[in-house]
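In the part that follows, the structures are each spelled out as structure tokens.
One chain, chain A, appears in both complexes that follow, with chain B as partner in the first and chain C in the second.
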Partner chain A sequence: MKNSLERLNIPRLLVYAVLLFYTGISLLPLIWMTSVSMMTLGEVNAGLVWPRAINASPCILVTTDEYRVEGQTYSRTRITISIPEEAAAQQGGLAARSALREANVINRNEHFRIPFITNYCAAWQEANLGRYIYNTLRIVVITVAGTVTFCTLAAYAFARIKFTGRELLFALMLATLMIPDIVTDLPNFLIVSKVGEFFGSGGLGWCNVRNCWTNNWPALTIPFMASAISIFLMRQHFATIPNELWDAARMDGAGHLRFLLQVVVPLSRPVILVIVLFTFIGSWNALAWPLLVTNDDSWRPISVGLLQFLQTEGNLAHLRMAGVMITLLPILLLYALTQRTFIEGISTSGLKG
Partner chain B sequence: MAALSNPFKSLKSQAARREAFAAYIFLSPYLLVTLIFTVGVFGFAIYISFTDFNLFTAPEWVGLKHYQSLFTDRKFIRSLVNAFYYALVVVPVQTSLAILLAVVLNAPMRAKQFFRTIFYAPSVTSSVVISFIFWWLYLKTGYINFAFTKIWGLFGAEWEMINWLNDPRGLFQLILAPFGVNIPSSLWYLRGPSITWMAIMAQNIFTTVPTFMIMFLAALQDIPPSLYEAASIDGASKRQQFFKVTLPMLRPVILLVVVLGTIGTWQIFDQVAILTAGGPLDTTLTPVYLIYTEALGVSGPSRMGYAASRAFVLGLIIFFFTFIQRRFIERGTEHN
Partner chain C sequence: MVSETISTGQQNKDVGHYRGFLAGRRGRILKENITAYLFLAPGLVIIFLFGMFPIFYAGYVSLYNWRIRQGEYRGLQNFTSAMGDIAYVFFALVILGLIGAGLMSLWEARTKAKEKNIPYHFPLLFFLPAGLIAFGLVQFLLSFITFFTQEQAIAAGYAAKMGNISLGIATIVTGFMVNFLLEQWQHKLYAPTRYSILPNFTTPALIIVITLGGAFLLIQSVWAHYQGLDPVAAATAAIRIRFLSQGLVALVVAYLLWSWGMRQQSTVKLFAGIAGAAGLIGTGYYLIDIWPAIIQGADPRFYLSLRVTIFYSIGTVPVQLAIAMVLAYLLFQNIQGKGFFRVVFFIPYITPAVAAAGIFQALFSLRPNGFVNSFFTNGGANPERALLWLKEPNSALAVLGQAFGIEAASAWAIGPSLALLVIILFNIWNFVGYNTVIFLAGLGNIPHELYEAAKIDGAGRWALFRHITVPLLSPTTFFLSVISVIGTFKAFNHVWVLRDAASLGTTDTVSVYFFETFFRGARFGYATAMAMVLFVIILTLTLVQNRIAAKRVFYG
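And now, the complex of A and B:
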């Protein structure tokens, strides 16, 4: 009796009250969004809090299409999205569009249909999300690979090789952290254009358009590969690796590159993972810079694509929220799977960075 | 002969040269990128700020013109006042909220991990996603007005529906209105942050608090328990322990969070670009948004030189506030 009374003391209750309150604040927007993303337009306009039913329809198709391009007939099996007429009518705001079919498909052989939430199919199709997610993944892979390679090499040099100018270069690197992005963003755009033209058809001719960089992967990835904060984090970690390991490796005839790849990198997996994760999230969420350097869908990433969709969809809240959900879920999933690494990353980069 | 006379020395210097060569090879990819896209761009930005440049014709040197027009530039001053209000509200609120949540989460309890995970979730979402959730919550027919109607209804009062994202009325204007004080629009800076601006502040606090909370949580776990034991032996109450032990120990992290928060708030752009485009009546116009629209020529010809000079001034202001905060909080530490 005494024990349970002790456990239920007032400060403890207060702690739980604060926690539950803030849990509500964190989750309510997400819950509301989930709910609206499954409603029909009618339900949204009626101001319902929760949809009457989860509005799913068999909208994911596996088909073999025959299509004509320049007089040639091709055949391809693929997954397409098509919303049945009655489902489109029921959802609202979709009817005119669901009738759209690719003009060059001459014969469609339908294998089977997979039911899914109608709004999600509609948003995926209307916003061309597949294209943008594909673009973003390409950008993320290139950025992460470049950042990790460049920064690991640089961090190793700063941490484990003695050379003239090391302290000065390291101080200069830290100084670049103080330059606010906004000072450099727009001039950076101009420089990137110039560099792109230098490699382009009017210059070295590395690609067949005038500008090799803008509206292409280099502009979206290369300027971010020199990440001073990543180098700093890795250097701090590399410096803690005992010198005896290096002496032993050198005895066995290993050079710096071998020691880095076979000893230092395996020992530094956690810090590298932190950098990979934060680079990933940064690329996935980037908005201002891609807005500047892309002007068509060939390399436009998800944030820009989503913003366009949201701005053109007017008041169709149910489709907007479905589009938002589709772009949000991969990040939330990634976060859920790696949250321990995340939290460690923020604690260390925040406190020691 | 000279080389033979001291073979060790030349061997050593040869090894040192080889080491240095390896180091620069390792550094070269990073140095190449940073020299062009950070150092080079920074220098280029300084140059542009002394020119008239519209992106299409060559930059034309105009000396200090853009810096001389600073004090008569109403739009830029307006954006600075808005940013100042923004930092003034957002930084203290988000810092104290983050400390509160961290202290609460640091208490011994079950499901700590669960709460920590949930709290941090809003921070991984992109500004586009968060902005559109809030766009929808802030609608005149949205849930925020709905919630206020219900709460006001409990007390028998009627809630006047607010168009959160398009309401230029200022905070002080609203507070003083019942007393018959009317602030004219020429004294806009006395009207205080507009309702729309405060709505965006709330959204920003919501998304940044979790990151800072995690930083405080890590710092709290580094405070040695012996300090609390000593304090409680000396008869310090929980409250005294918080103010005399916890807060002083958190000081370095508070400094960091305040500095990071200040830098972030002065550079706010995404939310404004997505939700308000600087309106209504320029009450959410921010320096970065102004710089972007002027540089890209959204309303009229592009003015790169103007934008670059404003960007430098903003950079200096941020640097100044960072410096002041550092002095202020470090002096506090010396006294203890």
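And now, the complex of A and C:
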């Protein structure tokens, strides 16, 4: 790495100090969130920075208990949530119930304990996060399949086929980039309801409800199945594929579709990966649009679910942070696995995710 | 093209006896066209239906009293009740912009033809296909819009609409065919060689037809709306419009005078500059003075949201760009762990907005021992008066001053509210990583030789940063600042999570207020009127950015 700036001699220590300081700022909210998500309500209210020792923390226990109920002794191996007593009193709900069960235990054989994850279980259960994550994954899969198919086809046509009106259509397509989502949300809501009614029981009768689209997958996925920026990125990449390949393929009798599938797509894996990633993140983050077109949990995605949870669990910071943690984790994992593609995708395209 | 002509002979040999419709060069071009349009169809239908058509639809909805269902026609009343009488000035600016765009496209087509040194005759003829296409487009859009406004899904109604829609499409296709014939004709007449590219006047002609038509319709409806007002309202509106226009014209004149004066060398500079500056200050005061009268009768929350957006932009953009530039500069040094820092700085940007906003909501809790509040208490603030953060509608300056016992601070009731300050901090935290990555890409484009040369001339590190890095990075800075300002106008997710009823709307940016009116208030017509205003603002910013970037970008 020969870099001319190297000889600028900004004191090394100062550089590292500034960078580490900002690393701290970047990570502080996340670290704090992780810490709070493992506390009991008592610990949160006491304003602790870090949860207390493992033994005092709520944990998941695998135990064999002996009960005495009405003079008889039972033995049972089970998984329980254990919460320290002072915390249990404040916690209510789940914790109180578990504390009640503890009362009859006369002998306990502890096999092993998983500390710190009770909040996650509670948040998962109370926020119905499993349902929302499942919904989001369904939405993502449909959207990504549509995006990759439609955008690849369109980008190929723009990049490698000469046809009448190519420049005009391309310019028109790029013009849609200037139209912000927030402006199109309302008319799109009306459009989607009308299209849904058109296909619904009152119109063509493709489904047996009045509106096929809203509160169902089409409203959540079809509008996002093609985007000008994806087509643009792919087109730029397809245009760099040498013409000789096309000539050779045509000599061998391949048509456009065959050339696209067998030559262009394998050569363009990185750019397709970038588009898949951004579509995934986009679906995971979508808030305004799903708020508009969903009215129950059947297709509601994670952002809306988490927002509802944040609003209903007003005072229970530890549960809220646990919910946040669960929502964050998949994205952070994805980022950890693909960070190079990710950052390069952004810095080459200037894409604002 | 060349490879096509080469292989034509071969193709003819292959098919030999068969000379059908799809044979030969013409047939292959047709086949290519069909393939291309089949490939494009799904993607472009989605993009145009959900990305472009909504703007026209929004324009239609904004003219009605539309609450979930379409109500009676209100003309431009949604706009005037949101913005007040300033709406007329707004429309005047939009009309001027449209006409300017039309003229500019014509001029560009002309210079293009001149540059290529191709004689262009009968360019006016191209207004024929342009007119046909424009007419077809209007027909198509209107019937398409009414297709989506129909109350009941009745088969007969759909059939009639389909008829109108296909009529529109047929007109457009005819327009394109006329255009094609004209081009062929010109091709034969003027093309020096077979492959030369002729200037196509249809596109600018189309833009001109559409913009002039739009401007005409807009003028007509503004005039009709103005005529429809009762005499007293019309008279007061006229007076306000006159005052406002006087102020704006004076402002522009003073600015021109001032900037002209700055460019002069002699004593003229001094006098022109002083006069210009005085004019600017004077008209500024004048506008501030008449402002309450101008926005009388307007929606106060709309103006509050505009003010909030401006505070939000001013609070976020310079700070996040400055931090990002410094970080990028430091990361660009030859240091260990560059990749690590880049990855970590980027984490806030990829965290889902709702989750990250949820964390900030908890960090800035109003409890005395909440995370941020405990810092303040330890730092000497009065623990009895814990800050309310997201629930605090009062000015951040005043509240923070009081927290540290400066009693005079209660008079500083200006600037963003404390609640908005939290959102500003969130935005900075969130976007620094993104800006850093783009700055890094920009730094990579600065040629090393410049640094070497400057160092030979004895420049210190501050001089290098100030006189090489900052100016050569300016295209990136400019791009990022415009993108970020546009971003503040579009900002939604995190603001929606962090907003609190107790902050009394002091955190609602334009987009959030729009969504609130639409989603909670179900006032669709009114909300789309605001969305159209928002759209014009964002579009203007984008166009200005494109225009300046085209002039100033430096591809070292």
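Note that the second predicted complex is superposed on the first by the 276 of 353 C-alpha atoms of A that agree within 3 Å, B and C clash if a C-alpha of one lies under 4 Å from a C-alpha of the other, contacts with A are read in each partner's own complex, and residues count from 1 in each chain.
Here, contacts are C-beta pairs under 8 Å (C-beta built on N, C-alpha and C of every residue); 3 or more make two chains touch, one makes a residue touch a chain.
The model shown is predicted, which means the values in this text are computed figures rather than measured ones.
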Clash or fit, chain B versus chain C on superposed chain A: clash
Chain B versus chain C as contact partner of A:Leu168, first or second or both or neither: second
Which superposed partner A:Gly203 touches (first chain B, second chain C, both, neither): second
First, second, both or neither for A:Val264, with chain B first and chain C second: neither
Which superposed partner A:Pro11 touches (first chain B, second chain C, both, neither): first
Larger contact residue set on chain A - chain B or chain C: C
Chain B versus chain C as contact partner of A:Met33, first or second or both or neither: both
Steric overlap of chain C with chain B in the superposed model, located at which of 185-193, 239-247 or 383-391: 383-391
Intersection of the chain A residues that touch chain B with those that touch chain C: 12, 15-16, 18-19, 22-23, 25-27, 29-30, 32-33, 36, 47, 149-151, 153-154, 156-158, 161-164, 166, 169, 173, 176, 178-184, 186-188, 190-191, 195, 222-223, 225-226, 228, 231, 255-256, 281, 284-285, 287-288, 303, 306-307, 310, 317, 320-321, 324, 327-328, 331-332, 335, 339, 342-343, 346-348, 350
Complex contact set, residues of chain C against chain A: 1, 3, 29, 32-33, 35-37, 39-40, 42-44, 46-55, 57-58, 61, 147-150, 152-153, 158, 176, 180, 203, 323, 326-327, 330-335, 341-356, 358-363, 365, 367, 369-371, 374, 429, 432-434, 437-438, 440-441, 448, 451-452, 455, 461, 464, 479, 483, 486-487, 489-490, 492-493, 496-497, 511, 514-515, 518-519, 524, 527-528, 531-532, 534-535, 538-539, 542-543
Residue numbers on chain A that touch chain C, as the complex places them: 1, 3-10, 12, 15-16, 18-19, 22-23, 25-27, 29-30, 32-33, 36, 45-47, 149-151, 153-154, 156-158, 161-166, 168-169, 172-173, 175-176, 178-188, 190-191, 194-195, 197-198, 200, 202-203, 222-223, 225-228, 231, 243, 247, 255-256, 281, 284-285, 287-288, 291-292, 302-303, 306-307, 310, 317, 320-321, 323-324, 327-328, 331-332, 335, 339, 342-343, 346-348, 350, 352-353
Touch list for chain B against partner chain A, complex: 16, 19-20, 22-24, 26-27, 29-31, 33-34, 36-42, 44-45, 48, 55, 100-101, 104-105, 107, 109, 115-122, 124-129, 132-134, 136-137, 141, 143, 146, 206, 210-211, 214-215, 217-219, 238, 253, 256, 260, 263, 267, 269-270, 273-274, 287-288, 291-292, 295-296, 304, 307-308, 311-312, 314-315, 318-319
Residues on chain A engaged by chain B in the complex (per definition of touch): 11-12, 15-16, 18-19, 22-23, 25-27, 29-30, 32-33, 36, 47, 149-151, 153-154, 156-158, 161-164, 166, 169, 173, 176, 178-184, 186-188, 190-192, 195, 222-223, 225-226, 228, 231, 255-256, 281, 284-285, 287-288, 303, 306-307, 310, 317, 320-321, 324, 327-328, 331-332, 334-336, 339, 342-343, 346-348, 350-351
